[in-house]
Amino acid sequence: MELNVYLAGQIHDDWREEIRQKAEEMELPLHFTAPMENHDRSDNIGEEVIGQQPDKILKDEAASSLNNLRTQILMQKADVVIALFGEKYKQWNTAVDAGTAVALGKPLILIRPQELHHPVKEIANKAQVVVETKEQALQALSYVFETK
Amino acid sequence: MELNVYLAGQIHDDWREEIRQKAEEMELPLHFTAPMENHDRSDNIGEEVIGQQPDKILKDEAASSLNNLRTQILMQKADVVIALFGEKYKQWNTAVDAGTAVALGKPLILIRPQELHHPVKEIANKAQVVVETKEQALQALSYVFETK
Amino acid sequence: MELNVYLAGQIHDDWREEIRQKAEEMELPLHFTAPMENHDRSDNIGEEVIGQQPDKILKDEAASSLNNLRTQILMQKADVVIALFGEKYKQWNTAVDAGTAVALGKPLILIRPQELHHPVKEIANKAQVVVETKEQALQALSYVFETK
Amino acid sequence: MELNVYLAGQIHDDWREEIRQKAEEMELPLHFTAPMENHDRSDNIGEEVIGQQPDKILKDEAASSLNNLRTQILMQKADVVIALFGEKYKQWNTAVDAGTAVALGKPLILIRPQELHHPVKEIANKAQVVVETKEQALQALSYVFETK
Amino acid sequence: MELNVYLAGQIHDDWREEIRQKAEEMELPLHFTAPMENHDRSDNIGEEVIGQQPDKILKDEAASSLNNLRTQILMQKADVVIALFGEKYKQWNTAVDAGTAVALGKPLILIRPQELHHPVKEIANKAQVVVETKEQALQALSYVFETK
Amino acid sequence: MELNVYLAGQIHDDWREEIRQKAEEMELPLHFTAPMENHDRSDNIGEEVIGQQPDKILKDEAASSLNNLRTQILMQKADVVIALFGEKYKQWNTAVDAGTAVALGKPLILIRPQELHHPVKEIANKAQVVVETKEQALQALSYVFETK
Amino acid sequence: MELNVYLAGQIHDDWREEIRQKAEEMELPLHFTAPMENHDRSDNIGEEVIGQQPDKILKDEAASSLNNLRTQILMQKADVVIALFGEKYKQWNTAVDAGTAVALGKPLILIRPQELHHPVKEIANKAQVVVETKEQALQALSYVFETK
Amino acid sequence: MELNVYLAGQIHDDWREEIRQKAEEMELPLHFTAPMENHDRSDNIGEEVIGQQPDKILKDEAASSLNNLRTQILMQKADVVIALFGEKYKQWNTAVDAGTAVALGKPLILIRPQELHHPVKEIANKAQVVVETKEQALQALSYVFETK
């Protein structure tokens, strides 16, 4: 048995790469997907595919249509979703993805620093598991495969 | 025909009251529901119902279990969801509710100031209608009932 | 028992009004909904609600976001969908609505002139009932209520 | 990860072959399905399988029952649907397939020439991505697999 | 609370009228629906609505499109389905309706004479309640409303 | 807005009557349903409706087919489910109903004495709200209707 | 692409073996499943697994619980269902399976002799394709894979 | 064809190992999953992953969030669920899992000693097959694969 894991969260640093490496070290049968992690690419993909747009709002609309195509396809194939929240950035996409995962019946693992507990409390209550570190999230998934 | 409308968004000012009044003036057959709009009540409801909690995180967990009970029941009865984003506050619940609405197949009307277009772009792309003002959101709903 | 009936089809003449009048004469407990039947209003509703748009494509995009809001809400409330095809107009929305109705498990009554049989054949095969006139469509619905 | 892509649209020229070739050149892990692309076969398949029919309408009904069997099976296996509209032909099946895809929660990529923007506007608004060329549609799908 | 009850079964005698009368005597808040109980009407409805057909098979196809329209609409509104089997008639529609009810998650009450136990055994196993008489079926429904 | 509330739990004392009375005192717009609360009736209903059975197991099978008919119909109409666990009785039906409610997407309020926390921990984790008293469960539902 | 095909129908002769052989000759990528085709085994399986039963009705109930387990599992894995009706036998299971397939959204191919057109007319109207021979049913499935 | 089988039930002895061994001896193509069978691990997993908790209730809440993550993922992948009840233990999780399986449309095989017939009667009525031994449960699954 393998599990598809969608990694929702900001795309400003390489936190997903850490998760991928640790999962490999732990020899977990996990297949990870994620939004486009190259931030500039994510912002420009609309114009790259559809062509130059007349203003910034339309450039954003074009980009988001492609980013959402990606998310919709990948999340439908996911068995479980990990959502990471941090102190920085608006992270509204992370919250949207978390809400979508729960509404689709996909279990949600929330990673958030304890300091964020207040604003993230309703999301934490919707999550199946709430942890503070990426290691803990992987331990939670490891537990699904262990038998002893 | 009447429509149930869930009003997702921050609970720090009385923007919902404005919508309710305008809808009444426009004589629209809309029934509005919303999260608890008394912010202190929303934060304390866990301890009010379940009793005092040992720390802030558990107080928040208790409160969010009741806030989410409310949202789950009310959103399931909604025909359409309006989500309002503004410059202030984290607004993660607004984003979660927006994602939930779309995943449940309920049409989403997004109200956001144009300045927010970049961080809210993926939500805007998921919304059925994107407007900047509360009046526009009600005009959109009014259009559903008009025939000429 | 009352039935909600969504009337999909072109909005260039008053065929829906004929159906409404006949249903009233037949004293059928039917409640009809439909797309905006004022064609100019349907084309301009985007700019009316959201404001002037920079070009025709964006004007159309704005209008269609409101027209689809209307269709999504009304079709979800429909118990049965009538789709009328005629010789004129592209009628792609009629076809989209027909496909949507069937995919949502809502029974479809197709009204089409016999001359159109070839291009409309796959839609006819998906429809629960295929007729040529508006009277026949109402007779089909009348049959649902009759007991003798 | 591989994706199944259903190619909805007219069957009068070989536009799908172009897409298949380009996808191969781009080494995209896509598996394409489509309606019967041999137009005569598609019209005659009812009589080929079920036997000669008494008139043209019944010949069409027989053919469409087989064409819809094919579409229903293939679309249920699709992860994403591409719908191509052009200036010619009625293209009602394309529109039905587009509506079906969206109602089934499958993301829709619409290819249409800009000149068609007005009659196709509600379909465009339902699509996740709207492009003008086959290359752009494949670039959109390529983006789902890229990570940088 | 009222319950909608669809009465599936043969339309050759007035067994439904007995059920309706008894339910009234028992003052049960039940609303009954059923297929067209006038057998000739049921056979001829296709030609009545759509017009004369070239042969018997097409007359039957026309009639069944209207009978199925009726069943689809009424069964979707049903809270519970009663299916009655007897010694006579093919009763394939009864079996189809029973299978449909179970697949849609609607509870099924089966009325069948004990002599039929062998051929109806798989249907009996799918039913929520199996009884031999119409009175027993109504007692089962009465139990849903009783509190003592 | 009114809410339908299914009261899952043992039927050996009159805990539901307490809830009904308190809800009335609190003037909450709640409509309660429940399993048959007359324990003997619940055990004997199979033989009452279907007739005497050859042994105890078959008597139980007959009774449970009617008890489950009741539960299935009432739970499908419920907006929210309250499940009460106590120190006595096996309470397997309570647990089954709790699992069913969550799987159907209906919010679950769990009432359990704190002493039971260990064996009921997985159910508590599935519940939307966990309380210790009937009053608290009603306060939770009251909160859904309050606005200040 | 391979398709799973469930073969509903009587189990008194070897019609399924004919289909399997022809499919192999035609080199169609079909995987067939079916009810237990050994009729005695199908009748006795309840007692074989669960033990001797006190009477014939209970023997049948035991057997049908196992036959339905089989059907439920296999039909959920099916992409398409073929249902064969003939002149002999009650064939109520065939009709139940046909109704179940359609309600689950699985396309149905009906094989029936033309003489049966009247009693099977509502099932025929629900089927996606209606044919008279096993060869025709396989040609219909073959068409799903052909491209020219 | 392989089947995924989730083994719900107490985790105090090695009954699942017996099932696994027998299935291997019978050469059945079954893949088994289950809750964590190491009872101490199951109780402590919350603190192992998330860290030490302030009291026993919170330790249990942490553990159950991980146990439920496991169950949710594994049950969604299951084709069929076996639930074993015995004389000892509260077995509420077994009952919850049984209710969840049925609500998700997954067939349930119940293993219970005959002595338990009364308290487990409603669960037995919901199960597709009721047996007394592990061997019988495997014979039931074996029957799904047999053809003679």
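The letters A, B, C, D, E, F, G and H name the chains in turn, as written, and every chain counts its residues from 1.
The rule is simple: contacts are C-beta pairs under 8 Å (C-beta built on N, C-alpha and C of every residue); 3 or more make two chains touch, one makes a residue touch a chain.
Which protein is which chain? UniProt says A, B, C, D, E, F, G, H = YtoQ family protein.
Only a predicted model underlies this, so the values are computations on that prediction, with no experimental measurement involved.
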{"item": "Fewest touching-chain hops separating chain B (YtoQ family protein) from chain E (YtoQ family protein)", "value": "2"}
{"item": "Counterpart interface for G-H, drawn from F-H, C-E or A-B and sharing over half of its contact pairs", "value": "C-E"}
{"item": "Taking each chain's C-alpha mean as its centre, the one farthest from chain F (YtoQ family protein)", "value": "D"}
{"item": "Cα-centroid distance, chain A (YtoQ family protein) relative to chain G (YtoQ family protein), in whole angstrom", "value": "44"}
{"item": "Length of the line joining the C-alpha centres of chain C (YtoQ family protein) and chain D (YtoQ family protein), rounded to whole Å", "value": "23"}
{"item": "Centre-of-Cα separation between chain G (YtoQ family protein) and chain F (YtoQ family protein), whole angstrom", "value": "40"}
{"item": "Chain C (YtoQ family protein): positions in contact with at least two other chains", "value": "65, 68"}
{"item": "Complex contact set, residues of chain D (YtoQ family protein) against chain A (YtoQ family protein)", "value": "1, 3, 79-80, 105, 107, 109, 128-132, 136, 139-140, 143-144, 146-148"}
{"item": "Chain C (YtoQ family protein) to chain B (YtoQ family protein) touching residues, read off their complex", "value": "31, 33-34, 36-38, 41, 45, 48-50, 65-66, 68-70, 72-74, 76-77"}
{"item": "Chain A (YtoQ family protein) contact footprint on chain B (YtoQ family protein) (complex, rising order)", "value": "56-57, 60-61, 63-65, 67-68, 71, 85, 90-93, 95-100, 102-104, 114, 117-126"}
